[in-house]
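Chains here go by letter, A, B and C, matching the order in which they are written, and residues are numbered from 1 within each.
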Amino acid sequence: MINFILIILASLFFTGIIIRTKSITSGRKGPGIFQPLKDIIRLLKKGAVYSKTTSFIFQIAPSIYFASVITAIMVIPLGNYKGLISFEGDFVFFAYILGIGKFFNIISALDTGSSFEGMGASREALFSMFAEPAFFILMGSLALLTGHSSFQQIFSSLHFGSSISYILGIMATFVLTIITMVENSRMPFDDPKTHLELTMVHEVMILDNSGFDLGLILYTSSLKFAMYGSLIANLFMGDFPLYLTIPIFFGMQILFAMAIGLLESFTARFRMNHNAQYILALSSVSLLIFLGVLLILGQFN
Amino acid sequence: MTGIYLAGALSLAAFVFLNRSRIVNYVLVIAFLVLQVGFTVHIYTHFNQTELHYFTADGLGILLLVTLTIISIPAVYHSYVYLGSKQDNPKHTAIYFGSVIILLMALSAAYLSNHIAVTWIFVELTTLSASALIYHRRNNRSLEGTWKYVFVCAISITLVFIGILFLSFSLPQAGTEDLSFRHLINKGHALNIFWLRLAFIFIFTGFTAKFGLVPMYTAGIDAKDKAPSPAGALLSSVLMNVGFVGIFRFYTVAANTPIHAWANHVMLIAAILSIFVATVYMSRVKNIKRMFAYSSIEHAGIIILGLVAGGVGYYAAVLHIILHSFVKSSLFFQQGQIYRIYKSKSIYDVGHYFKYNQAGAIVMLLAFFFSSAMPPSGLFISEFMIFRALFEADYLWLLVVVMILLTIIIWAFGKNVFKLLFTPAVEFKEDAIEKINPAESLSQYIFLGLVVYLGLNPPQQFVSLIQDAIQNLAH
Amino acid sequence: MTNVLLLMFTISLLYLGIAHRLLTYIKILAVQGILLFGIAFIELIQINAVNLALILLETIVFKTIAIPLFLQYVMKRNRITRDAEPFLPNFISLIIITLIIITTFILSNTIADSRISKIFFVVALSTLFTGLYIIVTRHKIITHVMGYLIIENGVFILSLAVGNEMPVLVNLGILLDIFASVFLLGIFVNRIGDELKDVDVDQLKSLKD
């Protein structure tokens, strides 16, 4: 229960910190940290307008998206404490519940009948397809390393002993960060600020949503950030007692948010048709993590 | 003496590189030739002695060294004649002769070395000097040939090095660290078979670039085509021999280990493919020098077949390579004269050679007969022995295939040579032909005479040297 | 620590697969030189000091400084364009290089020898095959030279695996490196830019039968 509350709390200020960091690095003062939250609350109070060419899918998709992410958050542990849902092999459940949300997002974009949104949907599908093996290979290697297959057991028994496991930890952090950027359509894969056909992936899918739905979708993306941040925090938390884990957790979230802000400020967006190979490179790097794990275990097939 | 030889050769080469005067050039090169002859005599009289820890004068080394010295004298002479007929740029001449000296020195050292790493170093050195020779004419096409040669040889040398690394992996099981050939032969039965197999494949493939076998033969073809004819003679005779030395010495190591039969199969595949490739290309090629180059590949394939067949094939292989060096170098020396007369290397532009250079034409005819292994050529003896060995080793079908391929090669070679000699040339202006002194063909007559002599009535020392070379193989 | 460096070396190979510009190739070669310096230092600490100093000097001076600078000079002088011009798109290159790494890993498991460290063997062999792949799938002549340098790095790693027992082999590897650098780069790519006006492999077609 406690990690659920912590993640929700973290999501409240996560996007704000990112925007604030980006503003400060550009020399501006920027909006307040809770400004995105206030935008979302404003949106939630408005009514939604539904296009006549859409079907019921368009109306239920944002809710399903939101629900899927909430369910996924319930799986994530915090140090020694299990998530609300925890069983053997739950990281597969985690990945695919997120997949359901993404699927509904995609088909609701296709539902509007606009070719613009269809383009965004196809790009989103392609990038997620390439990022998925990276995530699975990473979690698979961690599962192989610790010998367990549920999130909580994996993270609680992850020890960093030899130097090679440190470098594996760093590589895993790198992979998870890039997965975050891909999933949330941030730079360098997509520019959330420009709404041009050349650069849009996620923004274009939600062009037709309004009011309450839009508010839900925006809040869900903050939730996803906080979710991935908590995954990374979990890599380093291990077995610490509660009074240590909470500050570490918030500290890592803030650091993660600032890191994303810096990453976004200083990298240019990749060429759109090169995006696919960079994401696939991610899978290759996680493959190297897998081979490294095999090395540590000293067992080869 | 080896140390004196190496140091002397290096300093002579340095002086040749630096000097720009013709007379000094003559003097220095003749000094080197004297040094080379002296070194050969010294090695010949110090049979089976080791100098500088890495150089042993064994049978194979002495034979190839004597061949080298005999070929190098006319090579230098023909180089002077050839370069003298072109524009005489002193810097280019200096580089040419300096590279010839370094090439001959590196080859002599490589023949005599008894340690696989030392052989490797000197073979690297030959690549360097040979490419300076190929690039002599400094135009687009020779640059291309030099680049291809350097690149393929660089890759091949790396392959040989990887093979040496794998060989060192196979040593710990035998409890030793010495990579000299004698030591490897003695410990042959104790080497790790897996690594030895890998080592054999890599070393064999690497040396095929020098020797002229599938898969790396392409380097040599372009090289022999683009180099000036006397340099081409060196490249296709004595440089091929160093490839043979590398393969042969490692093969003797492999012959004393359990991988002997497997190594035979590998070499057999390479040999058959080489003869096949030579057949295909010789029927199509229109450039005389490339035709000679492909003929070298065919002979290389036959030599390896001799090694594979075993029995009397071992003797025949060593005999064949020595005789082949003489025949091929005479062909290339003669090609130099053909080029000076017709100013073209293509078979379309030549013809009626008897009219312009009688002595040379007879050389061409005889060299063709000898190269195709017709009696009284010594090559007939060696090829006959190889065929007999193949027959005795139960490779009957292989023998039939090889004979058919060789027949096609003789036809292709003969077709071109007879066009050169007897058919009138198309569109050839007879006004400004260079007059070739018949004495220039003298060296080739001597070589062809040697081929007959060594084949039909070899001196006893020659036979015993060959038998010493193959003593570790005879089973 | 060696394992970490070798892992980073493998990541550099993957980066080679997706690099577009020639300058990136040169930077990767420099980084590989530094990594090899580190690996040589750690692995060969037991051999005699003069030899070790020579090897380390060569790695840093040649692989990291001299060769990248020389390649840049050649590129500038021949006005070679920035793009690496592969035959296959970079996406497929990346997949193929990943497959190469997996295949060498599986291949190395068939080796029963316990004396040779497996990770050296895997990294060396994948570097070798990657270098070969780069030579085969790129248009420009200068990328052929870079592919050859990558092959040499692989051979160097392989020689480090036995470096402790036989330092003479590491020395021979360095000799190979020096030979290749002086020779391939110093003489030919310079002239090739001058004489063959286009530094493209398609231009090397006039020597055919």
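Basically, contacts are C-beta pairs under 8 Å (C-beta built on N, C-alpha and C of every residue); 3 or more make two chains touch, one makes a residue touch a chain.
Please read these numbers as outputs of a predicted model, since none were measured by experiment.
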(message) Which chain is most central here if centres come from C-alpha coordinates alone?
(response) C
(request) Would you mind checking which chain's C-alpha centre is most distant from the centre of chain C? (result) A
(message) Nearest whole angstrom, what separates the Cα centre of chain A from the Cα centre of chain B?
(response) 67
(request) Calculate how many whole Å lie between the centre of chain A and the centre of chain C, each centre taken as the average of the chain's C-alpha atoms. (result) 37
(request) Report, in whole Å, the distance between the mean C-alpha point of chain B and the mean C-alpha point of chain C. (result) 32
(message) With touch defined as at the start, can you tell me which chain B residues reach chain C in the complex?
(response) 117, 120-121, 124, 128, 131, 139-141, 143-148, 150-151, 154-155, 157-158, 161-162, 164-165, 168-169, 172, 177, 192, 194-195, 222, 225-226, 281, 284-287, 290
(request) Could you pull out which chain A residues touch chain C in their complex? (result) 163-164, 167, 274, 276-278, 280-281, 283-285, 287-288, 291-292, 295, 300-301
(message) Give the list of chain C residues in touch with chain A in this complex.
(response) 1, 3-4, 7-8, 10-11, 14-15, 17-18, 20, 89-91, 94-95, 97-98, 101-102, 105-106, 108-109, 118-119
(message) With touch defined as at the start, can you tell me which chain C residues reach chain B in the complex?
(response) 111-113, 115-116, 128, 141, 144, 148, 151-152, 155, 158-159, 162, 165-166, 168-169, 172-173, 175-176, 179-180, 183-184, 188, 191-192, 195-196, 204, 206-207, 209
